[in-house]
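Two complexes, one shared chain (subunit A), two partners (subunit B, subunit C).
Take a look at the complex of A and B:
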């Protein structure tokens, strides 16, 4: 019995060790980032793992190389516009597909879902030419427009609308509310947890978007924080101290949203297998 | 009057219905359907910049004689053939261990392992790049631990450059996939495990013969989405290699050149050849289409 107990304890120790190593490795780069922000580039590339005194110098370098307020405003503006418009337009469509019936409904819906398969690589050149025709190159509206059409978020809202109580809608109709009033006054407040989960998906995508903004934003004053970090970080000899300041600042909003809305965050990530 | 079914009150798809779905459909048609068809049309054309002329199958011919295309295709395949199995195995094992309700600090451990998901692809790539520099953190640590004698040439050797990218992607996505497995495991009836345990089935056998088969649909789902994601790999390799900055190779020996990066370079770095770039992009379209078909097929099996 004692050998069995010993074996069991060893096994349990191994499990904890494995999980602890996984957790440590997962969190470590965050620690590295924060420590790095306080060290000079020469210390960072030597792998120094203790806090240093370079924070102010790094910050000064970063803010002198980058018009940080403008860059953050660009990122924030794109994220806010993309989030609000995507949630509105996609939830309207998700609701519409579920509530209204027609002969074409399922065919249209399947066609729309087919677009989920399109890789962005096959869109970027025509989209770039299209934005050129519209005269929108180097504008933030060009960054947002293609992302607003999100078949996935429409799908997500339609799936969730199946749980929206019919009685509520019927009662509202009897009371004489118009269709758009039902949507804005009843559906939206009732479905707020769905909106929260969808918000996470759209927010993360918009804030971290890279390839399309890289193509369409060409002057320094329109660039987003993600683009700036990439161009600073991909230099042959990057000033890592300054780059760390940028990555810390770029990660704070997503970390904040994650800790403020952890449950919805995970729900949003799982959304696609519901 | 008393028996009003939801069906009978469901309105027809009239003006209201179209107002609800119209904006989304119009946007999807303009920014997804039209471009993807346009790019199909372009793949039969050739020329510089906007001056395109019909070329028939010339682009496909060029594809088969383009060593850079094959390098990109090979790299892309290496990335997903190595990275996806490693990551998913790690995610599955971690999820299985975390699924035990007796584990202490479960919530904290789960949150920690999930945390990499909040970073942007660009930001975490820069972090990894800074850890893997020649005499940097990783090499110093490996030497101090006595694992290697001299630093590993992460940034100058094709094999190690790919390895670094694979480690980085695995870090970013293991926790994400683990969450899918954990959610699926919570739906498995615990009494099945109890019965197996009482019958004396050892832990590893319970994992291999009970957990894994029951998770088959989710494993398939994560495999397909991870593979599709890897097929489109761009942000990481672009940031690590400086996007194949004008004329330069993408990583040592083009070891980080993926299909997406090649398309980007063909369009925006080299002499812009939209037609040929569109042809390369359709290689990804076909690969993704095949995989998505497999996914739908598997999902249908799940329902049956």
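Take a look at the complex of A and C:
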């Protein structure tokens, strides 16, 4: 083998080694979570890294401590409403910013992007007071409302709309469509991979949302799965086996959504940067 | 009555005027081609007729009705776009019937009209396919079919063949010409390709920088261009322009000296009085007008040869490096570097004044 060939093979081996380590680091928490769900609290604390026989016991503990159907319903309800409304409102805004020109467009857009710089911690108190004034504390609307006009998703849709062929809009106008019809009948179906990518991002964010629901949802019957898992973990004698069961169950919907939309997600992400 | 009338139509984007007062009458059934270089405003003018661009000033009438504020769908037009603009999530049948569905036509009527257009354009086997499963030529036929089903007063084509390869472009050009003949429709067609303009048009509108330079039948523009721009734009290879000066003449005759061609003097017959001696002029001669029997002679050196089979193009230079293109149907025995005398009949020469307008 020539020196050049050897160098190429070594470089390739180094790349694969690096990727393998990164893949392991990514997968490890999931593996640990699944293994933990089959072990007792003491085994988890000891760091046991093999499957145990405590799955059923952990599951029984979890379901006895938690009103699972209710909290999963709460999470699902919030997530679906937040996802649908965020995609609708933010994509309308992104489309509008890109398609319609006005003197104030770029200034308004920059102002909107500036809001991305404000940490959520700085917004929590004003938001809480606002929700209090509207009488929305301890309601699911209070969880959804601050998320529906997401500056990041508006930005994402505006960038993706740059790839939307403007001649399609012209053709639709010649065919007699109004602006709202162009949006719903032409733009949305054409941009479905962009919507799929945004759907995954918004769905995961809404499903995993923790801090804001922790502040506005105060009664047990309104709480979401993330809040309940957190409260199980912070008990005086936490049952980590039950926590792991809850975590595994809470991960399933996001995994399902991701794998169902994986192909469109990749297309959407590629489309947004092309 | 004209099908389309433009009266002092203007368009500005901010302070920049793009269309600078266009007047035009397009008769019913006429095939009119807007031609001009990139950025001349031809597509903008077409979009203004379609209603896709607002009009800053002037009037546009279609079928005798003022259309300035009328929505595109109500203007009685159908448009074929450069990129086809087919809805990618719909089948060919859905694409073609979409406008009719929106116009509220019954399903049976839509099916009948779509099937009829599909038959004309030989699209029947493709009706259930989506645009991504079609070739460029097929997509363009679907786009034309989508326009046909609307039975518009005016078809608008915006550079419809630009995205096709050379062979398909020729094929589609013939298809469009046949379609015009069969439907007898009024067509306004935009292109930057002067061959398309020459072969398709009943009337060509040459545009430059938002101004109409000349309107006329293809051969009229070819034989009698109004100015240097039209003379240079229409015809391929491009007309030769030779700088000269009037050195003498009388009524019905002028002598033009060409200093860049060794001071050769070309006698030109005129219909009117000769320009004053010393007047700078440009002499225009088409490459195809060179022939061995010509009475005017220019000494040149061969720079490059292109053998196209049916004709040969000789790119040559004068002693002062002025380029001269000669097209000949024969296969001349010349090589690069040879010197030769290019002859042309002085009666074929056109004369342009210093302002670029035609004198003779």
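The definition used in the following text is that the second predicted complex is superposed on the first by the 237 of 274 C-alpha atoms of A that agree within 3 Å, B and C clash if a C-alpha of one lies under 4 Å from a C-alpha of the other, contacts with A are read in each partner's own complex, and residues count from 1 in each chain.
One rule holds for everything that comes next: contacts are C-beta pairs under 8 Å (C-beta built on N, C-alpha and C of every residue); 3 or more make two chains touch, one makes a residue touch a chain.
This is a predicted model, so every value here is computed, not measured.
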item	value
Which superposed partner A:186 touches (first subunit B, second subunit C, both, neither)	second
Contacts of A:156 with subunit B and subunit C, given as first, second, both or neither	neither
Of subunit C and subunit B, partner touching more subunit A residues	B
Partner chain in contact with A:203 - subunit B first, subunit C second, else both or neither	neither
Touched partner set for A:171, first subunit B, second subunit C, both or neither	second
Partner chain(s) touched by A:96 [first = subunit B, second = subunit C, both, neither]	first
Contact residues common to both interfaces of subunit A (with subunit B and with subunit C)	170, 173
Touch list for subunit A against partner subunit B, complex	11, 15-16, 18-20, 22-27, 29-30, 32-33, 36, 44-47, 49, 89-90, 92-93, 95-97, 99-102, 104-105, 108, 112, 115-130, 145-146, 148-149, 151, 154, 166, 170, 173, 179-180, 183, 204, 207-208, 210-211, 214-215, 226, 229-230, 232-236, 238, 240, 243-244, 247, 250-251, 254-255, 257-258, 262, 266, 269-270, 272-273
Sites on subunit B touched by subunit A in the complex	4, 6, 9-14, 16-17, 19-21, 23-25, 27-28, 30-36, 38-39, 42, 50, 90, 93-94, 97-98, 100, 103, 108-109, 111-131, 133-141, 171, 174-176, 179-180, 183-184, 203, 218, 221, 225, 228, 231-232, 234-235, 238-243, 245, 259-260, 263-264, 267-268, 274, 277-278, 280-282, 284-285, 288-289, 292
Subunit A partner contacts - residues on subunit C that touch it in the complex	47, 50-52, 71-74, 77-79, 81-83, 85-89, 98-99, 102-103
Interface residues, subunit A side, partner subunit C - complex	165, 167-168, 170-177, 186, 189-190, 192
